[in-house]
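So, here come the structures, one by one.
Each of the next two complexes has chain A plus one other chain: chain B in the first, chain C in the second.
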Partner chain A sequence: MNRDAFVATQPRYARRKFFDRVMTGVMGAAALVTVVPLLLILFYLVRNGVGAINLDLFLLDPSAPGRGGGGARSALVGSLIMVGTATVIGTPIAIGCGIFLAEFGRNRAGTVLRFLVDVLAGIPSITVGLFIYGLMVLPVRKFTALAGAAALAIILIPILARITEEMLLLVPRSLREAAYALGAPRWMTVLRIVLPTALPGIMTGLMLALSRIAGEAAPLMFTALGNQFLNTDLLHAMDALPLRIFYFATGPYESWHQQAWAMSLVLVAFILFLSLGVRALVGSKVTIRQ
Partner chain B sequence: MSDAARKDASLAVETGRTSIPRVSLTGGRSVGNMVFAGLVGVAAVVVILLIIGLFWELGDRSLPAIRANGWGFLWNTTWDPPKRIFGAGTFIVGTLITSVVALVAASAVGVLVALFLVEIAPAWVARPLSVIVELLAAIPSVVYGLWGVYVLGGFIRDFLGPWIAQTLGFIPIFNGDPRITGIFSACIVLSIMILPTIMAVSRDVIAAVPGSQREGVLALGATRWEMITMSVLPYARSGVLGAAILGLARAVGETLAITLVIGNRVGIPHTIFDPAYTMASVIANQFTEVENEAHRAALVEVALLLLVITFVINVIARLLVWRVTNGQNVTVQE
Partner chain C sequence: MTSQQAPVETQTQDDRMTAPRREMFQVGESTDGASRDERRVSVAIDHVSAWYGAKRAVTDVSLEAYANSVTALIGPSGCGKSTLLRCINRMHEINVGARAEGSIRLEGADVYGADVDATRVRQRIGMVFQKPNPFPTMSIAENVAAGLRFMNIGSKSETQDRVEYALKASALWDEVKNDLNKPGMALSGGQQQRLCIARTIAVEPEVVLMDEPCSALDPVATLKIEDLMSELAKRYTIIIVTHNLQQAARVADYTGFMLMEESDGAGHLIEYSPTSDLFTQPKDKRTEDFITGRFG
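So, the complex of A and B:
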């Protein structure tokens, strides 16, 4: 039966085919709609931000309200310190938890833990900030960068733990069996064979987790508080880039708004570098299901 | 092992019924393995303690407020810190409106894009598109807020808002006075922000539908769209629902972007352009300058409420997604 004869036996075929084309178009249009906001945001970031990017932004601390000038040095340094500290606190716990899930998690206890880790990843960051506020700020009556870093670590842990688990499970069984055959006990096999093999993937996951916490301001508002002056002491209030953007965006001065755009541009560039650049460096062999 | 069982086991050894000794090739219960299991076990316990601690800490700190405010906290709409009258009604309404609108808008687009990525787009389109959506997820909340106030807000006040008020003004909720900040801005920003979550999870779920499901319907002569509606979507239904609910959880907990764009005013909004408050934004906006201890406790109570709501939503969503993907490759994206 040729095509025309077939169509003749199916009176509704043309209509069905047409509807199929229309819906294909609708799906494609939805995909286009998704691209527009990103382009708009990136466009305005560059347009409004580039003008206020200068050396002062990196070398000066924020100026007093309404004075104009000044920069974001305290915020840049503070962000680096707190994200770094959060990494130091959170990474061992996250990788340990990931190893537990991959090695001992093929049972009901593992399923429950995996579930809890996923749920922890979905808890609003502002409640994490309040939790650390009650735990670390109220008892000493002082806002500290350490508290801010702890709050960021809580956000980092579930993300990195799940990525670590998935990366460990991707390591071929044959490598593990080869280690066992040579007489290596399980702990040595995991630490010397499985973990190093999965390391590029875990590092990529870490970069993604870092790009996430670098942009978080909500958990820092009640913990690190923000600081107009440069501070490198973990036991005092500290500034962070997203916090400073928030304060400047809500302030009344035009110069603050411009600096908020410039800081956002720096922050987004940093985050895109982490999430895209590092992925390219590590190579396309590692695919992350974010 | 119970005492009786242990006795049985040792008996078995004595009477020689177990002839082969249990030797593990992987070191069994050697010291190294025990230490290793203990260490990673501690890390796992820390995660569990964090979740318990979160509920415990917020519950403990809000106890005075829970006692003072009673159940009426959930629906009273008066929030008057100096007079110590606290009702979270307006915040709950604000959160409900913004997140439900964002949920509907983002789900519609998100599922369509996910279908496009899995079923239609060739690899050279699907890859970059996936990356673009991931980038959308990577942009910080505060940057969305900045953009929402200074770009989107102006557009709504000057162009989109007046046009909507004029064309749809006969419906009361559209007959408002467009401002830079308000519920309408919040809904748009929130829709964009939760789109990546819904899209990514739906994509994983739809990709997990077995090929045989599609082939069966195609063999019967279905068009591609019929295949999607007759086999792919019914199979992935609960997972797609889970994806949408995960997006809802994200919308409910979203803080800084909303604090910047929603206008922060206590009161039940009457039109889509009115300023309002959400549960998260009232905490962000007021907690650093509380009027008294009762105010602080009431704000923590709002946070506890937020925590319980997002926890429940998350549990439901994860269960739905897991039903389709069997716990594999579940998106951890927040």
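So, the complex of A and C:
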């Protein structure tokens, strides 16, 4: 053994090193390409939207076509109401489904159910809108915010149910055993130990699902329809940010385009702050063991 | 609680707490044969076999664990000692396909009786696990009170008293009394394990099972837990699984040696004796080989 045995002078070591550097570069470039669109989107949103953000946007309803001015109050309030209603309807169902999959789904029935949930998650959102249109709009011959919320809930449920399942399965088995060993029956173990331990993950999943449905326009077109006046009644047509963005962005007026950019910026910022807020809230209360 | 305590036993416990007993294989002073026979059987294991699905893990084990004493189960890895331990409080059956045969009696009552609820069994027979597993969402006090809350017993002040009692009994009170609302996960590994012991005894079980409770701990924390075991044996029946022979020699009054036999690939109880006898005059050649380090 001499020192030279460790000195990599042979060509194949040089080749290896070169290859190592090239591959690192390629992966790094791929990572960069992934985040560049996000940065560009944020850049365009801010550049085009920030100019049209003013108090009127939050305090006034959309003005009549061609009049200029006006705001997006009806859309903001409508989005909050419908996303909120969808969350209230969908979250208990989704978490219940997730618990079932995680706790009682380790068999054939569970496998089938899991597959169906995945299929539901993959159904195009416009199809969900049409389904609710047939189910809740045609029979009463009326567009309602409730129908819109139902369509959003159907999109939310499979996403949240699967995330809930995954998060529950991540809870260490040792914690369940600790609860059993203290004489806790299974349902109590799930409700008092497993679910609280998985809560940060489930909340993150809820944020993901909320971001998804808050930006959906397609399922609302045939259900909530949109409304240029402020409406807080679930049984009438209601506006929503994505709908208003769609109408304004495809409309002929420059002021509408401006406002569509501004509303997009508001929507993105809202989702961002919602996720950050919930994470801070949940993260401060609970630390999960690695 | 466990009031039938022979005077001679108390003497022994006190001696043991003060006697230097840290040398390798120095055996805890055992009581003489006569007083041993007077001991009250707490857990009677009778012809117990256990399976995981089709795989047999334990074959035909019978032994009696006495009240207010420490009983150790030793043996090489895979000899079924943990499985046997988990049969005692019916934790074995939470594994899918796991089952057990034979009879286990606690104070004469069949743990596997037809109308017996496993959760009630686990309230009377507590368990401490290999790795400390405090509930991460709970504070120190909440962790200790968890079992009480599961059972929905005790007023607020009662619960507080029990928490204090349990933390004192597990020698943790002085270290945490000002931090009761801090998360249990903030404690060190050894403290976490004592927290788990406090959590177990807060519900006033009659038996405390310990499944290699020190294997994840450093030597100092291990000694603290061992001291605690001797102390706890004054009130509870302690059954401990350990792969550490010195630990069995230090803490146990009785020791059972288990070994996997080639014939059925499952663990058998080779020998069960007072600890001093098992370590100084083993009856079985295999026991002797194991404790002298020839295998395992």
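As a working rule, the second predicted complex is superposed on the first by the 237 of 290 C-alpha atoms of A that agree within 3 Å, B and C clash if a C-alpha of one lies under 4 Å from a C-alpha of the other, contacts with A are read in each partner's own complex, and residues count from 1 in each chain.
The working rule: a contact is a pair of C-beta atoms (placed from the backbone, for glycine too) under 8 Å apart; a residue touches a chain by one contact, two chains touch by 3 or more.
Model, not experiment: these values are computed from the prediction.
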Touched partner set for A:Thr204, first chain B, second chain C, both or neither: neither
Touching partner for A:Tyr180 - first (chain B), second (chain C), both, neither: both
First (chain B), second (chain C), both or neither touched by A:Pro196: second
Contacts of A:Thr85 with chain B and chain C, given as first, second, both or neither: neither
Touched partner set for A:Val26, first chain B, second chain C, both or neither: first
If touched residues of chain A are counted for chain B and for chain C, the larger one: B
Touching partner for A:Thr144 - first (chain B), second (chain C), both, neither: neither
Chain B versus chain C as contact partner of A:Leu113, first or second or both or neither: first
Partner chain(s) touched by A:Ser74 [first = chain B, second = chain C, both, neither]: neither
First (chain B), second (chain C), both or neither touched by A:Asn231: neither
Overlap of chain C and chain B interfaces on chain A (superposed complexes): 180, 184-185, 188, 289
Contact footprint of chain A on chain C as seen in their complex: 89, 91, 94, 96, 119-123, 126-127, 129, 131, 133-137, 146-147, 149-151, 183, 185, 196, 199-200, 203
Chain C-facing residues of chain A, complex: 106, 172, 174-175, 177-185, 188, 192-193, 196-197, 199, 286-289
List of chain B residues in touch with chain A within their complex: 25-27, 30, 32-33, 35-37, 39-44, 46-48, 50-51, 53-54, 57-58, 60-61, 108-109, 112-113, 115-117, 120-121, 129, 131-147, 149-151, 192, 195, 199-200, 204, 223-226, 228, 246, 249-250, 252-256, 259-260, 280, 283-284, 287-288, 300, 303, 306-307, 310-311, 313-315, 317-318, 322, 327, 329-334
Touching residues (chain side chain A, partner chain B) in the complex: 16-17, 19-20, 23-24, 26-28, 30-31, 33-35, 37-38, 40-41, 44-45, 48, 92-97, 99-101, 103-104, 111, 113-128, 130-131, 134-135, 154-155, 157-159, 161-163, 166, 180, 184-191, 211-212, 214-218, 221-222, 225, 242, 245-246, 249-250, 257, 260-261, 264, 267-268, 271-272, 275-276, 289-290
